[in-house]
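Should a chain be cited, it is by its letter among A, B, C and D, assigned in written order, with residues numbered from 1 in that chain.
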Amino acid sequence: MNLTLLMYLIPSLIMFGCGVYGFLTRKNMIAIMISLELMLNSIDINFVVFNRYLFPGQMEGMFFTLFAIAIAAAETALALAIIINVFRIAKDVDINKINKLKF
Amino acid sequence: MPLSYTIAVIAIPLLMFLFLGLVGVKMEKKLTGILGCIGMLVTTVLAYGVALTYFFGTGEGQVSAEGVRQAVTVFNPDWLSFSKTLVVRMGIMLDPIAAMMLIVITTVSMMVHLYSLGYMCDHHGHAEKGFQRYYAFLALFTFSMLGLVVATNLFQIFIFFEMVGVSSYLLIGFYYESPAAIHASKKAFIVTRLADLFFLVGILILSYYTQTFDFFGSDVNGIAGLLDNPQSSVAKAGATTFMGCSAMAWALTFIFIGGAGKSAMYPLHIWLPDAMEGPTPVSALIHAATMVVAGVYLVARLFPLYVIVQGAMDIICVVGAFTAFYAAAIACVQSDIKRALAFSTISQIAFMMTSLAVSSADGKLIEIHGGYGLGYMASMFHLFTHAMFKALLFLCAGAIIHAVHSNENDKMHGLHKYMPITSFAFLIGCLAIAGIPPFAGFWSKDEILVAAYEKGLGWGIWMSMVAGMTAFYMFRIYFLIFHWKKHEVHTEHEPSDQPWTMTLPLIILATISIVAGFVPAANLVTWDGAPLHTQLNWTVAGSSVLIACVGIGLAYKMYYKENTLPQRMADSCRGLWTAAYRRFYMDELYQFITHKVIFQGICKPIAKFDRAVIDGFFNMLAEVTNTVSFGIRKLQSGSIQGYVYVYFIGALLLAAVTAMFVIF
Amino acid sequence: MEIFNNPLIYFVIVPLLTLLGLALCSNKGIGAVRAVAVAGATVLVGLAGWLVYLFLQARGAGDTSEMLLRSDVVWYAPLNIKLALGVDGVSVVMIVLSAFIVFAGVFASWKMNPLPKQFFLWFYLLSTGVFGFFISIDLFTMFMFYEVALIPMYLLIGVWGSGNKNYSAMKLTLMLMGGSAFLMLGIIGIYFHSSTDGQLTMNILEIAHNDAIPHDWQLWLFPLTFIGFGVLGAMFPFHTWSPDGHASAPTAVSMLHAGVLMKLGGYGCFRIAIYLMPFAANELGWIFLTLTGISIVYGAFSACVQTDLKYINAYSSVSHCGMVLFAILMFNTTAMTGAVLQMLSHGLMTALFFALIGMIYGRTHTRDIRDMGGMMQIMPYLGVGYVIAGLASLGLPGLSGFVAEMTIFVGSYEHADVFHRVLTIAATCSIVITAVYILRVVGKLLFGAVQNEHHRELTDATWEERLSTATLIVCVAIIGCFPNFFVNIISDSFLPIVKALGAAI
Amino acid sequence: MESVGNIIMYFVIALSIIVFSVLTVTTRKILRSATYLLFVLFATAALYFQMDYPFLGAVQIAVYAGGIVVLFVFSILLTQRPGDDAAQLISTRRWLGAVAAIAGVGVTGYALFSYAKFCGKQLPAMGDIDMATLGHFLLSTDKWGYLLPFEAVSVLLLACIIGGVVIARRR
């Protein structure tokens, strides 16, 4: 039995699907962020796997993942700051109830 | 120019109108009336001077070598230039009929001005409300009518047609608080306006082909006028035909319709009886003597064209003859004195129209110089005499109405004892209109009958019959008012002859009615200016006097003393009598057409269509935009998950499609 | 600067200075506002008189150039947009008309309430647009001033209007803006075909002389521009803004709108649509001629059954303005002269009508003729004014309406084509229908018994109202009595247009 | 042929990724959700190690597992009252989400499987990446150098820090 490229892509794909599901269904903004992390992570895996399998001598995929992690960290930090701020004002983190700016 | 002071004849009434209209309102009522009378008196004197100078003077350009009176254009400035050739000028032109009309208009107008001083006051001699306005309007009317008759071109006639129409509207509606007066004035204006529309279309057609409005060309533009050479004018428009008639025939017919509206020819007569809602002197001036003959004057003015275009003449002839009879028949049963006189006026004007139209009876006569001028002369002569005695009759009627405060015959009866002067004046008027020699009407009507007999025996007999009816209905009115039975006094004071301001005009007009027949009209008022040699046709004259006497006798028998004969006769043909009394339901017909067809059937649907369909369409555009906008707004929900969902599905579809392309 | 030597520019500068003056006035107290507004209007009337003098003098001295008092200032060089000024006879009379109506309008809105200062500000901004439109001969500048004249209308109706004012203001503005959208497309199209040698231009004279617009483009651009202006000229079926708009607008705005703004439509139609695209005008003229013919009769019939005074006049305007466009489409000097006379006449007498209606409405607080009657006894001055306006409208000789209508009818009938002449005869029918609705409203409103006893306590016109109406009545009478003076000024202006039309067949 | 240890390792990683991913998005307790995310991130880190990218695995653990998840936990604790359950989801919403997710997985999976040959590639051999090389690449301006993104990210992080401070500061 060989560990093929496909075998690594499948968990990543499922992780991404879960992320999509979570993002679409959750109401809590933090949960949505968590789902977002899942999706990001699955993409990171893909980059790494493709890099490793297809271009083993190079490191583009790895670096891309590296930067993605860094940016994701920044983004998450900022998003969470906003969420907490919103919570302070609206006393809620339900995305459907935060519609004061809608119209 | 010896006649240049004619402009004063026109200008004084206009200035009087402006003065009385703008300043007079602030002045003492009686004073404005007296000022009006003085102004009118000056005008009258000047007009007589002009007319006499024209008829008997031998000034330059007035009479040609053959003794033919020429039309004199006193002045003729441009007023409105449509194009290089089509120019409307406002001028003064004198020819026999214009000069005659000057006399008619100023005389009657003078009498009415004077008469109104008394009539427009209540019994205590206080002037009525709006006295100044009344005199202003009278001046306006006089101005318009004078402007009309001295017109140098067709368009000027049209302009003053409109002006007299408006003055008539204002004067009929003088008592603007009474609904009947408003209604009558509106009706008069709209009916004549409708006729004017045809007049306008006629002018448009005519001017399109002849490229001129002027009757006579002048040195200024070098373009021949309409009447300089009628044959060529007709030839210009003769070639073009539309529905079988030449353009000229259409034009002349339309112009006649315009005249028929003013002259109350059937079926455009309906406004005239209602116009009697105006003050009686106004009826005498406008609706008996002057404005209503404007149509006759118009046809007479264009007579050289009409004689060539036989088709148009035939229409005039038929309309005139029918109207004469129709109106006479209605006049026989009317109970309102002014209405009866109004129908009598219609009938008499129709006489004039017919007389004009029978002039060209025989094609051969056109060749023979002067052969067909008899009817024309007769018509103008009758216009003159009729104006005098009809004004007299109306003024008498006014005096009577002023005395008994009613228009209805059954409030009058037996007034001879109380108002002898009025009675005599009225009798003279009746004799004149009935055609009893030596009163004025005899001479003119006789000529008309001769002309009609010349056209054909049938026409002659028909007109003689109508003449007989005229005698009958006039004396019916006379006997019913002044005899029939003893007068029952309805008001607090007995009726009596009116003050001198009202009686004097009666006497003057009665005198004119007696002597006017001896005016040598045949020498003065002919279509081409050349004297016409006529002699009394004793057969026609004798028979018409006989017929008139029969009519009078019949009226005497039926109406001199109270009896039941008229009632029995009315009962015996109840349907006919009612129909005649209701004026053969013409008013109802018009009412139906205007209200049911035009107002309810056209105007209302159009107004609804406008609001519902056209406005609805634009509102719908707005509505659709609004709806779509609100629909689209929902997509902008602000829900991030919704956006992602849509985005994700879209991306998936795109991926699926791409995948398919790549894989297969 | 060179341009300040041109008297025309002052027709824009004076309203702008008046705007400035008004802006400096205090918000409280109406006296200063009135003084500034009256001063501005008086200066404008004086300027208009001076312009007529200059014009007659130039023409009298034998200057036969198409446009007088020309001057060009480059505005935006890359697109060759210039502030091109110039007037011919038509512009001169339109400017005079506008000046008089602004003058009368100021007095008609003497007691404007609330916010008089702001009202006059917008009022003068509108005037600026109107005057600017008439003095400029550059497409871009004209369009700009056109928009300047349109936009204030929204606020003037929306803020100072009556009745269903928001709806009307919105409807009026949207429809006119829709029209100007068409117009802008047309103008851009004209611009890009304005010349064959690559030097594109916005100047009307140059475009007309280049005669470079290809025929197939003309067939597209002509309807766009004609409809664009036709909407403003209340052409059937784009007239529906007019009844609602007029009904809601305050008096002076109705006056200015019906009196001047609607004239922009007719003016633009011949100055831009017909003059620049004579081929398409000949080809497609009959379509618009039919529409305008419908307008004339349709508007008149609709007016017969209205009960609101302003609606009657709005529909009557549809009929009369239809006549303007109708005559313009007859393509001969006489009819086109008639069209301009009709613009003058309609401008003055509709302004008079709206002024009187505003004054009556201000007293009775109703415009429904069924609720009124016998006004002649109560307010004779206004009553007489109304009768004169009515008589002018139905074409009494001696007042302006007659002269204009007759010139139109005679000119239209001179057209050799049978179709045109039949339409002319159909259009003449409107003189009867006009008489019907005018007499109907005069009879119901002024004559008869007093319907409402409270109306007996109403007063007659005040001095400023008398001044406002008398100005207009005198103008109407002057045109009606001395038409040749105006015809002589106007008619030569159409020679180039008629020549272009003749050459393009 | 892979070593059995590697294969077992793979299955452990794959299963934990799948199971914990699903649990992350299905659990109704938000704190648990964050915990499961932590497990997913650990599994991912393990995967990186297996791929012979130890540095990346270390970064994953340090930044993600160590930083972000802690942030999550803190913010959950700040916004959530203890014992709060997420509200029951509306079923239509759940179904729609599921459909979208499954469709996405389906489409992508289909694409993957239709490239089975390509996907069946074996793990090629790769030399060790030492930290020196990595550092050179990160800070070089040569063709494969990443100095610019590196600096960009550092500026981003700075901006992020400032932004976080500004946003979270109590006014």
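Following the convention adopted for this analysis, a contact is a pair of C-beta atoms (placed from the backbone, for glycine too) under 8 Å apart; a residue touches a chain by one contact, two chains touch by 3 or more.
Treat the numbers as computed from the prediction; the structure is a model and nothing was measured.
Peer 1: Given the contact rule stated at the top, which pair of chains has the most C-beta pairs in contact?
Peer 2: The chain pair with the largest number of C-beta contacts is A-D.
Peer 1: Measuring from CA centroids, which chain ends up nearest the centre of the complete protein set?
Peer 2: C
Peer 1: What is the distance, in whole Å, between the centres of chain A and chain C, each centre taken as the mean of its C-alpha atoms?
Peer 2: Going by mean C-alpha positions, chain A sits 67 Å from chain C.
Peer 1: Using the average of all C-alpha atoms in each chain as its centre, how far is it in Å between chain B and chain C?
Peer 2: 37
Peer 1: Provide the C-alpha centroid distance between chain A and chain D, rounded to the nearest whole angstrom.
Peer 2: 7
Peer 1: Need the CA-centroid distance for the pair chain B / chain D, whole Å please.
Peer 2: Once rounded, the distance between the two centres reads 105 Å.
Peer 1: Touching at least two other chains at once: which residues of chain C meet that condition?
Peer 2: Correct list: empty.
Peer 1: Going through chain A residue by residue, note those that touch at least 2 other chains and give them in order.
Peer 2: In chain A, residues 20, 24-25 touch at least two other chains, as defined above.
Peer 1: Going by the contact rule already set, what residues in chain D reach two or more other chains?
Peer 2: Residues 96-97, 100, 104, 108 of chain D each touch two or more of the other chains.
Peer 1: Return all touching chain pairs.
Peer 2: Touching chain pairs, listed by label, are A-B, A-D, B-C, B-D.
Peer 1: Sort out for me which residues of chain D touch chain B in the complex.
Peer 2: 96-97, 100, 103-104, 107-108, 110-111, 114
Peer 1: Tell me, which parts of chain D touch chain A in their complex?
Peer 2: That would be residues 1-2, 6-7, 10, 13-14, 17-18, 21-22, 24-25, 30, 33-34, 37, 40-41, 44, 47-48, 51-53, 55-56, 59-60, 63-64, 67-68, 71-72, 74-76, 78-80, 86-87, 89, 93-94, 96-98, 100-102, 104-105, 108-109, 112-113, 116, 118-126, 129, 134, 137-138, 144, 146, 149-150, 153, 156-157, 160, 163-164, 167-168, 170 of chain D.
Peer 1: Which residues of chain A touch chain D in their complex?
Peer 2: Interface residues on the chain A side: 1-22, 24-28, 30-31, 33-35, 37-38, 41, 44-45, 48-49, 52-54, 56-60, 62-63, 65-67, 69-78, 80-85, 87-88, 93-94.
Peer 1: Name, in rising order, each residue of chain B that touches chain A in their complex.
Peer 2: These residues of chain B touch chain A: 637-641, 644-645, 648.
Peer 1: Under the touch definition given earlier, write down the residues of chain B that touch chain D in their complex.
Peer 2: 645, 648-649, 652, 655-656, 659, 663
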